[in-house]
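Quick one: the structure is below, and I'll ask about it shortly.
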Amino acid sequence: MSQYYTSVDHFVLVPAILLALFGCAVLLFDFLLFPEPRQRKYLVWFVALGLVFTGGALWRQQHFLSVQKIDSITAFGGTLTIDGFALFFNWIFLAASLIVALISYKYLETAGEHQGEIYGLILLANCGMFFLAAGTDLITLFIGLELMALCFYVMVGFLRGDRRSNEAAVKYLLLGAFSSGFLVYGFSVLYGLSGSTKLAAIRMALESRGASDPLVILALVTVSVGLLFKISAVPFHMWAPDAYEGAPTTVTAYLAAGSKAASFAFLMRMFMGPLAPSRELWEPLLAVVAVASMTVGNFAAITQSNVKRLLAYSSISHAGYILLGLIAGNDTGVQGVLVYVLVYVFMTMGAFLVVAALRRKEMLGEDLEDMAGLVHKSPGYAFLMLIFLLSLAGIPPTAGFIGKYFIFLSLIQTGHYVLAVIATLYVAVAIYYYFRIVRSMFISPLTDRAPAATSLGLKLALAVTGLMTLLIGIYPEPFLSLAQNSLLR
Amino acid sequence: MFHPITTVHYLVLSAALLLVGTIGVLARRNIVIILMSIELILNAVNINLIAFSHYFQQVTGQIFAIFVITVAVAEAAVGLGILIALFQNKETVLADEVDLLKW
Amino acid sequence: MNFLDAIWLIPLFPLAGAAAMLLVGRHLDRSAKAVISLLCPGTVLASLLLSAGAVAQLVGKAEKFHEVVLYTWVAGLPFRMADGAAAVFTADWGFLLDPLSSVMILVVTGISFIIHVYSVGYMGQEGGYYRFFGYLNLFVFFMLMLVLANNYLLLFVGWEGVGLCSYLLIGFYFHKKSASDAGNKAFIVNRIGDAGFILGMLLMFAVIGSVRFLDVNQALGSGRFAAETAGFGVLSLMALLLFVGATGKSAQFPLYVWLPDAMEGPTPVSALIHAATMVTAGVYMVARSHALFRLTPETSLIVAVVGAFTAILAASIALVQNDIKRVLAYSTVSQLGYMFMACGVGAYWVAIFHLYTHAFFKALLFLGSGSVIHAMGGEQDMRNMGGLKDKIPVTHWTMFAGSLAIAGIPGLAGFFSKDEILWQVYSSPWGATALYVVGLVTAAMTAFYMWRLMNLTFYGQPRMDGHTAAHIHESPRTMTVPLAVLAAGSVLAGWIGVPKLWSVFPEAFRAFEHWLEPAVPSIAAHAAEGAPHETGIEWMLMLLSVAVALGGIWLARHFYVHRPQLPDALARSAGGLYTTLSNKWYVDEIYGYLFVDGLAKGGGSALARFDNRVVDGGVNGAGWMTRLGSTLSIWWDTWIIDGSVRLLSFMVKVFSYPMRLLQTGLFQSYALAFVLGILALFAWLLVR
Amino acid sequence: MIDTLFFYLFALMTLGGGVLTITRRSAVHSAIWLIVSLAGAAGLYLLQKAEFLFAVQIILYVGGIVLLFLFVIMLVNLDQAARERQFNRQWWLALASALGVGGLIFYFLRAGSGSLQLAAAPVPSPVLEGNTERLADVLFSQYLLPFEVASILLLVAVVGSVIMARKRV
Amino acid sequence: MNGHLLSIVLFTPLAGMLVLLLLPGSNKTLIRIWANVASLAGFLVSLPLVWRYDKTASGFQMVETADWIPSLGVKYMLGIDGISLLLVMLTTLVGFLAVLSSWSAVQERVKEYYAMFLLQQTGMIGVFLALDFFLFYVFWEVVLVPMYFIIGVWGGPRKLYAAIKFFLYTLAGSVLMLLGILTLYFQHFEQFGFYTFEISDLMKLSLPLGLQQWVFWAFFVAFAIKVPMFPFHTWLPDAHVEAPTAGSVVLASVLLKMGTYGFLRFSLPLLPDASVTPAIVQVLAGLSLVAIIYGALVSLMQKDWKKLVAYSSVSHLGFCTLGIFALNPNGLAGSVIQQVNHGISTGMLFLIVGVIYERRHTREIKEYGGLAHVMPVYATVFAFAMLSSAGLPLLNGFIGEFTILQGAFETSRVWAAFAVTGVILGAAYLLWLYQRTMLGEVTNPKNKGLPDLNWRELAVFLPLIAWAIWIGVYPKPYFEVLEKPVAEIVERVRPGYFGQQAAVQALPGEVR
């Protein structure tokens, strides 16, 4: 207690500090340095710089862990823990933020709402995600979650002139607040059960209580619904399609990738940590939720005509898949969650990026018909989209297959054969709607000849996502070993 | 009636308040009041936390409650901001008129 | 020169000819038709000479077979026989020359050569000359493969190959739908038989472990397999399956239906394929499998009965046919029935003997009818003929000889073989009097319809129109010379197989029997050893058969030359031959009413109807069933299988829309779902 | 005993205020009743010896948030809205399911109330100095990090509401 | 070079595709020439396989191994045995001919078309060469995408339906196969303590019968859909009919063989006990027989030329699967030979349809008739293809069919008896088709002036005809090449089969 802020604390916190600093700086610069709208694109590079610095800090932590051969560094009296898991997710967040920052400029400019604050919000949201992945204390986690969520509420509603954006923001906010009410109610019960807000202590308390304690159930259910809401699992998914559709597409990408990844980090921390003792309770529950998510996500996506909405439903089904890794629960399953989240971020962002590229001033470019004949006017986009869709569907040699591979393997290892069969069969269902997009892009005749948007940022972002989607598919080894070292046990 | 008040009483009260808040969220049309209902829910949480804090004789729960209040404030602020943005566009604050995005 | 080791070259010549025709023939056809006319018969002649040389050397050889194996064809993978022993699935590309195949190659190459020569004249004016000869040569190749093969599988190559050539040649006039229909019918009906043959071979592999003739005969003769005298065993099944193949190829009941239709092909084709060679393949095969059939009396009985039934059935149908080639076609079917009857009673060499003589006279008759048709400018209906005797004398006299031969007039080829068959049917241990009676009646019918044909065509009043009459001319030399050669054969060919009864002739006159009997020993020969020869009965039967033959001829003359409906014609053209019968017109009417109209016409047409409705109907019915089956299949495919897939996609949408309906766009309904979700989770954990 | 009385009084305020908040037609009335409810909760905090929280509740909530609500209510001019139905069409479903959830929560609470007593025995803390001091001590040592993060959170809230509510440029 | 022959064979088409992508899209002739060169090169580099293959050696040859994903135990491992040798040669040749045949048939989006084709080529070769199950699965799925596009972009009027049906059907099967693969993979870990996808390692597993059967059914769905076995065949007519000619050719000739190959390479050797389970053998043989007869009957009734050929594939592939589940050397070898045969003859039949479709743009049989008058060379080629398909001796089909029948007969006479009806029906529908299209008078005036085959088209057919005759007349090399691999499979499935006396477990229906 003598020293409130040790050097270890500092070392652990550096990435978050950098993110927050740069975030605030962006907000400041926005009206101090770059008052002209045209200058705002420089903010992108500033954000990139900030993310690079953060990356450096993360790398230092990673390096430290591997050199010292230790599993984790704990700081702030157990409030924050940097371990492989946290770092793994932070890399993902960083990549997602970078990509979103790169494409937001062009998109928002086209949409007529290019405000510099978005970059600040991106960085601050990333800061919130950092705490979600690294936090080991209920309060830290809750604040991190709310930080991220608030940034997203604002970003979703960023197109203030667009009613759909308003609506999406309202719905997302109200439901988000509602669900976090339940989440924090559950937290309060957890606190009441253990007398502590530290995850480790809660876990010990719950272990001693046994699984079927009614209060444990109370906490479990309320915490679960809060978490499942965040990852948009059925039946707590209903905000997702609306929010995804209404939000600016770049934000949708961030929402689908970054927010979901962070929520999964959070969810894993909770279920693998304090809630692990009552595994027998939540395993069947999550199994039902996972199957329901895959079912609803896949089936509802089939008849969608809005690509963003379609991808939203697909992301619901992907949430189901990822949950399966947790349900299996062994190392393969957890590794599967990590790998799946990793590839999911790249492929789903890539898909949204292509949709974003189709946005024009007078046209949203989100409809299936707007993609018709895309291959004729922008073959590069079309082929990248094909790769993303194949990956989303899980067709080798794309990254998505590697993710599915782990999920299926873990289910088989743990004897969840029925779930495995269901999960595999939904792959075939999924291909149906993914290929509606492919069909539109490659087979339907070109209807709209106006060129798709392009910018350096967009090209860079697509290059990164496309490359990663293929690379993880064809040569996954480094990523797998990274994930292997990042397991949460 | 005059038996001692235990933590459980507070928990029950909290749960009841949670319930009231939930009903408000589910049933009211006015979004402003829905936001108020969410405040009620968060208050229910706080009652819980304070009760446990008292029970454990520590301040952790109270600290948690402070953060919950902070979050409640932040959510209310942003929520009302978004509501204003919506109102500017749509001239309504009724939840069931916000249905542009569906299916 | 060692011809024996060169027997593999025998089929190769026609193949070369065929390849040349089919590859470059189209160009030759326009520029150098003569090359075709020389080359194609030339290749067959080369084969004939080689064959003759080889046979001559075989005669001089001590052991009466010679085998040449070129290479392993279907190469050995191990399998388990039915008794569990290991065996190897293998078949050589090998040739076997033994007495049986030597007879066959001589018949095949000889008759083929003659018909090739004939075709040069007959087809001279037709389009697709090169194609015709190409197919014809190809046919000879396959036929020689069939008879020279040293195993069943290679035999099957020729077997299917001749079927293919038959298909190609029947459908030679492919612009005619009836021709291509007939071709299809031939091929498919043959295939049905072939399916049986294939199963027979498979069973042979499974039971004997080899399909090499020498192995099979050796195994069957070694005593490893007992004769299945009682009951129907695996050997009987094998024999029966092979016989099913034979019924297809040799047009036996119930698979004979394709042969009459096959007359759609050019006439030389009918002569070569559908009379002299291909259709006899079944007989050859059964004789080749004598070792098997000897052990299976049950199947042999079936063979005999089927043969007899086919013989009489076809003969009775032939009674009322008006198309000249159809009469001959049914006649062929009937004669093949004879051969199978002989096989069925175990007199294999006799069957081959009849095959050999039949090749001459039936080829002659077909070629003669071709000459008639040629003369008539394509007319095939005998009712529009008559009185052609003097206009085409060579044709007439050669056909006269052929008709006598087939009718069984002593001294001509048909007599010797047919009489021997009848005798064997009567006397063989596997024979039966009933079969004999059938054979005899058939013989009478044969004589009748052949002479009906002769009378309608060559005698009596000309019934053709003037234009045709004016153009009737004798065929060119290339056609008449072959006719003459065949006529000589029809007269003389039988003299190498005179009955033992005619003991005045030295044994040299029975060379055929001496050549074949050791190779394909008959049942009777074994049974007859030591038993006294009942010469009296044999004489009697011989006389009986001659009598029915003559009776038939007489009856035919009576009906068709002295026809009461044509009194003028009777008066004018009735030569001395018919004067004895001319007065009996009253009997003629009764007979005509009873026999021709009532029994023969009625019965015959009833049988023809049977043929059309039941047998053909069976084929049609199979076709109908097939269609029904495939319609059902398509229905199943569309509605059940595809339907279930569609149902799935329907379900997908059925799921999809309600799921979307839940997504009302109202955030409070989302919140409600959220709360319901909580409720469900709680409830789950409560009831757990 | 007096505690018991106060508990029920405050509980009544809290709950009654809550119920009236969600049932009043007028948004302004609702806001007023929200104040009552929050004040009731504040009273409960006081009962639980959380004086600082009591102050925070009164100042921040009653003085801050509710005011904010009232501002917004004025701003968006809810008179018209006030004349319409205050409940949506699914209210009965909402009521039923919420009561269901409530029932189950109560069930689990009741079932779990026994086990709650068995939880780690409350360590009677040593000398209880002032609540606020203790709070501050823990907050700025152990919970320094969330505190700092909360500041960022508030920054976002400010920036966010400004972005959302400012006039369109 | 020598050590990496298989890799070269595998990646030559892919390299060709990458170069192709660099060519300017506007210069169609250049693209066509390059695509032909690349696919010809693909064929030429595969030729050394033939003489470098040692048919006396058992096991896999020319094996190449490299670590790919070590942490999963995934290797890049290629190897070849007699079965894959034949199928690879079929793939490279047919692939080249298919490319050659599309010279004038494809006029739109030429570059993409050839790119898809070459990509698919690599995928198919990879399927036949992979010795690592993971690698196999990757190639297996890679094949789907180009085919989807080939059908979906360059196909007929109902191409969209056909393409997605093809994709969904096969994908649904293959994901179940993935589960099977993973089960084996996991079991290997349980038993041996390390993860591997290598087939030879997985063959060392000893699995309980029940598990084997489950895995067998998982594999079955994938392979049966691919083959396609009745009743999973309904994607096939649609896909075939809608696909462009070259697509149909490759689909029929090569793609379907992936299913039968899967049975031979994986189902039987990896799950030997399940493979001889009476219920499984009977069901599979039964389905094969149904397919033989059913496919033929449905063919009889088709009004669409291409659909007829498509259904005939169902029938022919029924023979192939029947041979496999006869589970004896002749059945298996016959099946492989018949797979090659089907590739040759059905490939030809599809090319034939394509030739006429290119001229007339209709596949209705009743639109034709008497084509032999106007296109004699074409009619001759068709006759060859027809006879080869109908299994006429001296042509390829007979060797395959008869060997399969021999194998089937050894196991069950009833099977053989039913299968033989397929031979009859096969002749029936083909002859009838030939009659309706080639024979008779030219009734439709549109057919009067059709040009006969040109040299390029003839060049497509000649290698296939030559191959058909080679197999028909001198099939010995094929039997020799297949002897060892087939013996290995049989020995694995039915140990003791090659012993002196039959101490081997009898199969259902087997007459002993």
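Lettered A, B, C, D and E in written order, each chain numbered from 1.
Methods note: contacts are C-beta pairs under 8 Å (C-beta built on N, C-alpha and C of every residue); 3 or more make two chains touch, one makes a residue touch a chain.
Keep in mind the model is a prediction, meaning the values are calculated, not measured.
**Q** Any chains in contact with both chain B and chain D?
**A** Output, common partners of chain B and chain D: A, C.
**Q** Common contacts of chain A and chain E?
**A** Joint contacts, listed by label: C.
**Q** Taking the mean of each chain's Cα atoms, which chain ends up nearest the overall Cα mean?
**A** E
**Q** With chain centres defined as mean CA positions, report which chain is farthest from chain A.
**A** Of all the other chains, the one whose centre lies farthest from chain A is C.
**Q** Which two chains does the highest number of contacting C-beta pairs join?
**A** Greatest number of C-beta pairs in contact occurs for B-D.
**Q** Please flag the chain sitting at the greatest distance from chain D, going by CA centroids.
**A** Taking each chain's C-alpha mean as its centre, the farthest from chain D is C.
**Q** Give, as an integer number of Å, the spacing between the C-alpha centres of chain E and chain D.
**A** So the centre of chain D lies 70 Å away from the centre of chain E.
**Q** Chain B to chain E: how many Å between their CA centres?
**A** Measuring from centre to centre gives 65 Å for this pair.
**Q** With chain centres defined as C-alpha means, what is the inter-centre distance between chain A and chain B in Å?
**A** About 26 Å, centre to centre.
**Q** Compute the distance, rounded to whole Å, between the mean C-alpha positions of chain A and chain C.
**A** Distance between chain centres, rounded to whole Å: 80 Å.
**Q** Chain B: which residues touch two or more other chains?
**A** Answer for chain B, listing residues that touch two or more other chains: 7, 11, 18, 21-22, 25-27, 35, 51, 55-56, 58, 60, 63, 67, 70-71, 74-75, 78, 81-83, 85, 88, 95-96, 98-103.
**Q** Give the residues of chain A touching no fewer than two other chains, as numbers and ranges.
**A** 139, 143, 146, 150, 153-154, 157, 160-161, 169-171, 174, 178, 182, 192, 195, 217, 241-242, 304, 432
**Q** What are the residue numbers in chain D that touch two or more other chains?
**A** Those would be 88, 90, 94, 97-98, 101, 105, 107-109, 116, 119-120, 143, 146, 150, 153, 156-157, 160, 163-164, 168.
**Q** What pairs of chains are touching here?
**A** A-B, A-C, A-D, A-E, B-C, B-D, C-D, C-E
**Q** For chain E, which residues count as touching chain C in their complex?
**A** Those in contact with chain C are residues 165, 169, 231, 233-234, 294, 297-301, 328-330, 333, 370, 372-373, 376, 380, 387, 392-394, 398-399, 402-403, 405-407, 409-410, 413, 416-417, 420-421, 423-425, 427-428, 431-432, 435, 438-441, 473-476, 479-480, 482-483, 486-487, 497-498, 500-502, 504, 511-512.
**Q** Please output the residues of chain D touching chain C within their complex, sorted ascending.
**A** 88, 90, 93-94, 97-98, 100-101, 104-105, 107-108
**Q** Within their complex, state which residues of chain C touch chain A.
**A** The touching residues are 652-653, 655-657, 659-660, 662-663, 665, 667, 669-671, 673-674, 676-678, 680-682, 684-685, 688.
**Q** If you look only at chain B, which of its residues touch chain C in the complex?
**A** Residue positions touching the partner: 22, 25-27, 95-96, 98-103.
**Q** Name, in rising order, each residue of chain C that touches chain B in their complex.
**A** By the definition above, chain C touches chain B via 660-661, 663-668, 671-672, 675.
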